[in-house]
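After this come two complexes, each holding chain A, first together with chain B and then together with chain C.
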Partner chain A sequence: MRVTSQAFRTRAAVALKNVELQRAMAKAKGGFVDKRRVAIEALPEFEQLRSVAREIKEHTLSHLDYYLERFESQVIASGGHVHWARTPAEACEIVVGICGGVGARSVTKGKSMVGEEIAINPALENAGLEVIETDLGEYIIQLAKEPPSHIIAPAVHKTRDQVTDLFQEHHSRYGYNQRVTEIPDIVNEARQVLRDAFLSADVGITGANFLVAETGSTIIVTNEGNGDLTNTLPAVHIVTASIEKVVPTLEDATAILRLLARSATGQEMSSYTTFSTGPRRSTDLDGPKEFHVVLVDNGRSQMLGNEFHEMLRCIRCGACLNHCPVYGAVGGHAYGWVYPGPMGSVLTPLMVGLEKANHLPNACTLNGRCEQVCPMSIPLPKMLRQLRVREFEQRLTPARMRWGLSIWTYLARRPHLYQPVMSILVRLLEILGRKRGRFRYLPFAHGWTKVRDMPAPQGQTFQRAWRQSGDGSRL
Partner chain B sequence: MNNNAREQILSDIRRALNRTTSLHKSVSAALMARLAGHSVHVQPVVETDLVNRFIAKSKAVASTVVTVPSLMQVPEAVTQYLTTSSQKLEVVMAPDPLLDDIDWPTSMKIERRQAGRQDVVSITGVFAAIAETGTLVLLSGAHSPTTLNFLPDIHIAIVRRQQIITHIEDVWRQIRSELEGMPRTVNLITGPSRTADIEQTIQLGAHGPRSQHVIVVDAE
Partner chain C sequence: MAKSYKHGDAGRPRVGLFVTCLVDLFRPSVGFAAVKLLRAAGCDVEIPRAQTCCGQPAYNSGDVKDTREIAKQVIDAFEEFDYVVAPSGSCAGMLKLHYPTLFVSDVVWQQRARALAVRCHELVSFITDVCGMDSVDASFDQSVTYHDSCSGLRELAIHAQPRRLLASVRDLRLSEMCDADVCCGFGGTFCIKYPEISARMVSDKMANTEASGANNVLGGDLGCLLNIAGALKRHGSKIKVYHVAEILADMADVRAIAEGEEPK
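And now, the complex of A and B:
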């Protein structure tokens, strides 16, 4: 997928004025947040589980090579295949190769963020395969030719009317000519249309929420059942999973599962939690004959050794998106790549390069809610600050801001200069602003004064007031 | 297989972890012990009346539940359920020997196999049922094809009282003691299929069963 994160500012401005998007986001707002809160209040062990989950992941990450090798040998022992891919290109090549090897013509897909990350759909389509997304949200955006705007609700930016239009446009060729406007009818039409796809696909591709080293199992967590039809009906099941998804045992996976659905949708368990281990056994009556796991690195082994390694604990629950005021205002597309919101603002620069996404770490008010709700206790605000530092160091910050910061740094390091300069500035602003008591416009502070006035200072600096008050009690 | 990629990823990981060689013996022994220990982490408190907890949790996720006193009453419960939901008495049933003991009425058309496109109603047993979350556990195998759990519109699961276990982890313990390794598929099913992809409104019956019906057999 093309990275358009550099256009964050313009896209965000457009998003704020997009009536349909704002209507869709307004509907979504609160739903996730309230459901999550209720679910977590009902589980007194939640905080304890949070620290357990963090421990499990940290333990696994610090022995990641061991657990990946163990996972691999268990998949092989159960009759499956494991492939390793350093880059999205390698991953696509592997998947296309497997499909080619079995003479596949059509592929059904369960929702997979790694699939989006490696852009598997265009790769398969270029190889002449028909690719059908089967998660309803993914299916909708596939019809609309758009990327997902949320990691668990990919079509959250679409209103019902827009879905109605899309279905009318695309389903008439299957003989569905009636305009469906009610949600049950819309869902039912998708169910009927996708049935044939499920039953005729040659290959099914899913992601994985977890990989279990102990057993070589891959786990998917879904509500619709599309992932299960995808991994049961076609003759070949391919799992694309990133390397940090591995956990040691089934018990470890279970502990984190207790956090996942609650944090994501406010459910105790999603409708379907499915463990796939190897291909169908000789006595099985159904299931795929081939089972492949493609392990994707794509920059993760680098993150493991640097200050962003905690990001590898992420279980893609979406809670940080749902609680982010910036995400809530501009939606997911403004972020310009696969992962939006706070987790995306950390991951995107790390995966596609900071120079292509240096606005994202700044699209944050540092209010800290994302970290508070993150089930894996990932310090997202700290990482966003670290990325801002990198941005500055790599001279990606706009020149004017760099100068401003340099001047301020110079002064702030020299108190004997800082104080007189500040008193003069404050004095000046006080005189200029005396009449109104506020500024409607200030040079260099247009971003502030465009939407609100800047109160005029009252003539004296904080430090002077502090000194005069003696102990600060009369401030 | 691209061995280069494998070796490079593993060596990049080792470098990131400040290790050049493979693990020290004592470390790998500890990791092996951790894997073999299967230690259980924090679990939610589950009251001792497992049957009622399972039923309440199942209903909370939009499954329908009836209780019958013994296996003998299962056909009647199935007939009644299908009649009230205006369905024909036509089912595809798991070739599970435990369902053989049931005396199905001749009026019911039964086929024992995996599910296909046209099947509307499936009946299966379960491997276990979890009281913690109201979850059904089904394992793929000759007696329990996975398509039965997902393709038909209605899935009827028959749960015997003694199959109800407390926590999710009890499934793993049971699999380890009763089977040789994991089956191809372990399904943890908690309610019927649903989606909230359109305007965040929950709609049942996305791609899997529209209805999840559970018959609890209360006999010891």
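And now, the complex of A and C:
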């Protein structure tokens, strides 16, 4: 997927004026936030679970090689295959190779953010395969030829009317000519169309929320059951998963599962939690004949032990997106790549290069709401600030910002110069702004006065007023 | 009161007031209100001359070197006091939580930064949590709503303290707004780097403020208040904006933020 994060400002401005998008976002935001709050309030041990989950992940990350190899040997022991991919290109090559090896023509997919990250769909399509997304949200945006705008609700930016239009446009070729407008009817029509795809697919590709080292199992959580049909009906099941998804035991996975759905959708558990362990055994009634896991690194091993290490604890619940006022205002597409919101603003520059995405860590007020709700206690604001340090060191900061900042710091480091200069400036502004108490326009402060008035200062600096008052005799 | 610190006259703690650059430049009345409240809480207050800014603009722009120099200047100026108090959650949070992280490879300065950090507080939480104040001598016959500034709320857990003191202000009626804890869109340099997004965020804040039915919005951080007041005025709102210290110190006779001589 092409990275367009450098167009963040333009895309954000367009998003803010997009009435349909704003309507869809407004509707979604409250739902996620309120449902999560209710779920967390009903779980007195939330904070304890949070620290347990953090410890599980930290332990695993500090022994990541061991647990990945253990996972690999368990997958092999249960009859499956494990493939290691350093880059998205390698991962795609492996997946396309597996499909080619079994002569596949059509592929069904469960929702997978790593799939988006490695851009598996275009790779498969270029190889002549038909790819069908089976998660309803993913299916909608596949029809719309758009990337997901949220990591757990990919079509959150779409209104119901837009979905109706899409279905009418694309489903007539299956004989559905009725315009469906009610949600149950929309879901039902998608279900009918997808049913044939499920039954005829040669390969099913899913992601994984967890990889369990002790059993070689992969786990997905879904609410539609599409994941189960994707990984049991076709003859081949391919799991694409990033390396930090591994946990040591089933018990560890279930501890984190208790946090995942609550943080994501406010459910105690998602409707389906599906464990896949190897291919179909001789006594199984169904299941795939082949089971492959493609482990994707894509820069993650470089994050181990550096200042972005803690980002590897992320379980992709989306709580940081749902609580981010910037994400809530502009939606996911403005961020210009696969992962939006706070977690995306950390991951995108690390994965595609800071020079291609240095807007993202800046487009944040450091208000800290993301860290407050993160079930894995990831210090997102600290990392966004750390990316700004890299940006400053690499001289990627825009020249105007750099100049403004150096004038300010030059003065701030010299109180004897700062105070008289500021006294004069403040006096001047007070005289000019006295009557109205504010300015509609100020040179050098266009970014401020473009959208709001600049309050006028009271006239003297506090320092000066204090000295003149003779130690606060004014009081 | 912590006993380990040397105290001023008659056992009164010596407080160095970190005025903050925005209060110094835009709204000295907040500084005077802070002095009044600190004295009422039993402190001796001094204003070290060698103070400018806490360094957040540089820190949040990734300029570690200059931030460190500014931090050293603040530590130099304030370490002689029993306490450092700032009428801002974000500046107090900077001194308290972020300064110690600036000197990971400099043991001496890290020690000094930590020693300062434990004695550093935001104004309202200081007079309540540390000085034990639970009421003020003030009156304000108006309805108010309170905006929780992000750094104060999430870094320093300031939420109940200003409300407790506001409850003791005679005739004041507190009417909470929805999403009081959601960012107003100020974010330091964010608001000038991304004005359109900031505008959208502050317009949500304005809508919630107006829906609360209050005539005044209060808060503990001047950055947010300049943003909220500037936006309210741009949209012709009659709602007035004050720093919470001005109300608690019974000093609301000054013009509200962004109010002119002839209110329109």
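Keep in mind that, in the parts below, the second predicted complex is superposed on the first by the 461 of 475 C-alpha atoms of A that agree within 3 Å, B and C clash if a C-alpha of one lies under 4 Å from a C-alpha of the other, contacts with A are read in each partner's own complex, and residues count from 1 in each chain.
Methods note: contacts are C-beta pairs under 8 Å (C-beta built on N, C-alpha and C of every residue); 3 or more make two chains touch, one makes a residue touch a chain.
Note that this is a predicted model, so its numbers are computed, not measured.
Look at A:Thr232: by the touch rule set out above, it reaches chain B but stays clear of chain C. Contacts of A:Cys374 after superposition on the shared chain: neither chain B nor chain C is touched. Of the two partner chains, chain B is the only one that A:Lys27 touches; chain C does not reach it.
Once the two complexes are laid over each other on the shared chain, residue contacts for A:Leu250 go to chain B alone; chain C is not touched. When the shared chain is aligned, no partner comes close enough to touch A:Met113: not chain B, not chain C.
In the superposed model, A:His63 lies in contact with chain B only, and not with chain C. In the superposition on chain A, contact is made by A:Glu391 with chain C only, not with chain B.
Chain A has no residue lying at the interface with chain B in one structure and with chain C in the other.
Within the complex formed with chain B, the residues of chain A that make contact are 24, 27-28, 31-32, 43-45, 48-49, 52, 56, 59, 62-66, 68-70, 78, 81-86, 90, 94, 134-137, 140, 153-156, 158-160, 163, 183-184, 186-188, 190-191, 194-195, 198-199, 213-217, 223-226, 228-229, 231-233, 243, 248-252, 254-255, 257-258, 265, 267-281, 283-287, 295, 297, 301-302, 304-306, 309. Only residues 1-2, 5-6, 8-10, 12-18, 23, 27-28, 31, 34-35, 38-45, 57, 61, 95, 113-114, 117, 133, 135, 140-142, 145-147, 149-151, 168-169, 172, 181-201, 203, 205-209 of chain B touch chain A when the two sit together in their complex. Listing the residues of chain C that touch chain A in their complex gives 19, 21, 23-32, 35-36, 39, 45, 47, 49-53, 55, 57-64, 66, 69-70, 73, 150-151, 154-155, 181-183, 185-202, 204, 226-227, 229-231, 233-234, 254-255, 257-262, 264.
Considering their complex, residues 9, 12-13, 16, 325-326, 329-330, 362-369, 371-372, 385, 387-393, 397, 401, 405, 408-409, 411-413, 415, 418-419, 422, 425-426, 433-438, 440, 445, 447-448, 450-458, 460-463, 465-466, 469, 472, 474-475 of chain A touch chain C.
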